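Next up: the structures, one after another.
In the two complexes below, chain A is the common chain; its partner is chain B in one and chain C in the other.
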Partner chain A sequence: MNLSQIWAIVKKDVVSELRTKEMVVSMFLFVMLAMVIFNYAFGAEKNDLTPYAGGLLWTAFLFMSMLGLNRSFVHEKDEGCLDGLLLSPVDRSTILLGKMLGNLIFLIIVQVLAVPVFAVFFIEVNFLGRLGQFILSILLSDIGISAVGTLLATISINSKMRDMLLPIIFLPVSIPLVIAAVISTSGALAGAGSPDELQQISSAMKFLVAYDIIFLLVAYALYDFVVGE
Partner chain B sequence: MKAIYLLYSLPIFVIAGLVVYFPTARRWVADFFTTRKLGVAGFALLMVGLYLAFFVAPEPVVGEGKKIFSQKIFYYHVPVAETSLIGFILGAVFGGLFLVKRERRYDFLSYASVEVGFLFGLLVEWTGVIWTRSEWGTWWEWEPRLTTYLILMLMYAGYFVLRSAMAEESSRARFAAVYSIIAAVSVPLTFFSIRLIPSVHPIVFTSSGAQMEPPMLAAFLISMFGMAIFSLALIRAHYSIQLMGEEVEYLKDRLGG
Partner chain C sequence: MDVVDGMDKTVNEVEVRGLTKVFGRRTVLDKVSFDIERGGFLTLLGPNGAGKTTLVRILATLIAPTSGEVRISGLPISDDSAAVRSKIGLISHSPLLYSDLTAEENLKFYGKLYSVEGLAGRIDELLDQVELDHRRFDLVRTFSKGMLQRLAIARALLHRPSILFLDEPHTGLDPHAVDILEGLLAYIRRDHTFVMITHNLEKALALSSSAMILVGGEIIFKKSREELDIEELKEIYRQNVKGEGA
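Showing the complex of A and B:
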């Protein structure tokens, strides 16, 4: 494993994204559209949705992340780029980390664009004092999503069903992550009322760290078997 | 009680470990514990357990002498749940062995274990729903244990979709093995994450060892062993069906060529 090799793979993804701009734009539009739908689904004009904001945020982000994960591998597969990567003299784990970091960067870019809009639309309390906690909980969840997602997207892209398979295998595996992410993000947005809630939020954050570490290790150990033979 | 589950599941893991690591032991175990023997033994134990559960074990009493008959499902529901977890763990173990050794029989075994685990998981959901209905009067409650199993069932349903979505047999075995490991890692995470949310319902199955009277414990343990042995018979039967299928394919090829 070599940092410059990882960086080369990340750079390739970023450059191709800068030229086409299709992934970030479509992911951002997806989140915007989801927000409009939330407004009508939950009557946000008359209800205060702040207590449910974490859930809404992660519903949008989870489905948005699948869009990006699929896209990042459809390119690789269709244009034979994955074969090229496999032929190049780098470790399989380097490919995993490169792709993972690429997916993580795109997720973060879309979130940086989407969260302010989301806050204006749905959040009715001032959460700037808890901004650090909010950012931390989103980042921890993003790491988990990109680790599991990169691993499973590589599997799904090699199947006959291609991108149809990803939601079926990715969503159930990421449910624990989503539960913890919703608790910690909601806590950061709405603020903890009681010591019990504070306790719950901190254990959710610890859970996110544990999930990230476990699935980074699992992905690292299994990626050899997933890409090419 | 958790410790007791672990203690009594241990022989199964020990047997599985022996079977896997020592070829002689593997052959001996495979020859001695035939599918039929295991199936008959498991079925007999289950019947004994059922008899003990209904005719010997007393009904637990809560409050002012109110007996709970619906507790009887405990002797069935919990063994089924434990067995399905054993199936999932065995699926991951055999999946890992497949990835290391690349022998097709491990793929067959992994598939058989996951499928039996899934079948038992469906039974967990079913018996859980029956119990919820009789105890709380609703068909579905977002109760932590049932919810956990619902998520696990969805996750392992993905395993079968994944298998059927792979075109080549070699990549099917490889990806299925990888996914069986990911899913098994996700099982404890799911259990734990569900418990991050405080449950509205009290834990009704107070299953601490001290609160089980000896006849109840006997009925429970016998059902538990019976279920585990029966599931091993199912896994073996599934495995030999796959071996036969492979042989049929081979013979067809020879006849055709």
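Showing the complex of A and C:
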């Protein structure tokens, strides 16, 4: 594994995206649309939605991430560039990490833009004191989504029904991650009211760390097999 | 030892033994065996669906064979694909270039993947050779088909491969672009081993040291340039490539 090669793949994806903005813009628009729909669904005279904010946030982020993951390999496949990557004498794990970091960066960019808007719509408490916990729970969840999503997007891109296949295989695998992400993010937004809640949030964070490690290792071990034929 | 232009022509650069590839129930390549000497130029002919592209993709390590053995520069492709890939260049109908990057950015990207030494100088040299120096800062998506193919040649040669696989490189090129491609191939001919898939017999035979016809995944004809009767080759080709403009 070579860091400069990983960085070359990340930089290539970021420069391409900065020129087209098609992935980040479509992901951001999706999140905004989801928030508008949530806002209308809960009505104008809604009560404080802060306890449910984690669930709303991750519903939007989960589907938004699938948009990005699907797009991240479309260019590689449609322009034949995946063959260019596979022809080069780099470890398959280098390709995995490069694409994964690119996906992670795009997720974070959209989240940085979307979270302030989300806070205005749905959060009625001051959670700035727990901002570190909030960012950590988002980052840990993003790493898991990027690891498992990059692996599964690579599998689905070789299929004729790739647009349908990714959600079918990604959603079941990501559900445990999303449940832990909702618990930890809700805890960061609303704060822990009791020792039991604090325990639950702590367990969710530990689960996120374990999920990230397991799926990074799984993706690393399997990528050689899935990226070939 | 037969040494020409600094290359030992008695050594096989490509060795293929009993190569078989099965997709589902379809046998695309059936116990294919052949060698290409170092510095050789094998032209691969055959009808659509004969297994030519599959054969080149296996040689380029892009897909794994079902059975059989392939050695590139003496290295089995199954054991050390990264070492093999550093010796290979591929030019196909798809240029393998990123349309939202400039010509220079594309070459820099691939140069880093191949850890090319003196990358900036190598890029200058290649862009000059393919007559694209004046377009180096332009996005690849603004390039014509001929320019794309020339840049694809620069990409394929960037890491100084010893073997070049060319999968119908003339497809979609205008006459000027074909002339540039031919000139480049003639220029690099003596330093490389080639495998070229083509339907254009005249262009193929101009540079070839041997020709092979593949039909239904089996080799039905293979002769070196010295043994080759061009009329015989044309007749066999016509018989097997009916209805494809042959």
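The rule is simple: the second predicted complex is superposed on the first by the 226 of 229 C-alpha atoms of A that agree within 3 Å, B and C clash if a C-alpha of one lies under 4 Å from a C-alpha of the other, contacts with A are read in each partner's own complex, and residues count from 1 in each chain.
Basically, a contact is a pair of C-beta atoms (placed from the backbone, for glycine too) under 8 Å apart; a residue touches a chain by one contact, two chains touch by 3 or more.
What you see is a predicted model; the values in this text were computed from it and never measured.
Novice: Scan A:A119 for contacts with chain B and chain C and give back first, second, both or neither.
Specialist: neither
Novice: Would you check which partner chain A:M161 touches, where first means chain B only, second means chain C only, and both and neither mean what they say?
Specialist: A:M161 contacts chain B only, not chain C.
Novice: In this superposition, which partner touches a larger number of chain A residues, chain B or chain C?
Specialist: Looking at chain B versus chain C, the one contacting more residues of chain A is B.
Novice: Once the shared chain is lined up, is A:I175 touching chain B (first), chain C (second), both, or neither of them?
Specialist: First partner only.
Novice: Who does A:F225 touch here: chain B (first), chain C (second), both, or neither?
Specialist: In the superposition, A:F225 touches chain B alone.
Novice: Considering only touches as defined above, state whether A:L152 meets chain B (first), chain C (second), both or neither.
Specialist: First partner only, chain B.
Novice: Go through chain A and flag every residue that touches chain B in one model and chain C in the other.
Specialist: 229
Novice: Enumerate the contact residues on chain A facing chain B in the complex.
Specialist: Residues of chain A touching chain B: 148, 151-152, 155-156, 158-161, 165, 168-169, 171-173, 175-177, 179-180, 183, 196, 200, 203-204, 207, 210-211, 214-215, 218, 222, 225-226, 229.
Novice: How about chain A: which of its residues touch chain C in the complex?
Specialist: Result: residues 2, 4-5, 8-9, 11-12, 15-16, 19-20, 75, 79-81, 83-91, 228-229 of chain A touch chain C.
Novice: Over in the complex, which chain C residues touch chain A? Could you list them?
Specialist: Interface residues on chain C, with respect to chain A: 60-64, 82-83, 85-86, 88, 90, 92, 94-101, 105, 109-110, 112-115, 139, 155.
Novice: Applying the document's contact rule, which stretches of chain B touch chain A when the two form their complex?
Specialist: So the residues of chain B touching chain A come out as 99, 151, 154-155, 157-159, 161-162, 165-167, 170-171, 174-175, 177-179, 181-183, 185-186, 189-190, 192-194, 196-198.
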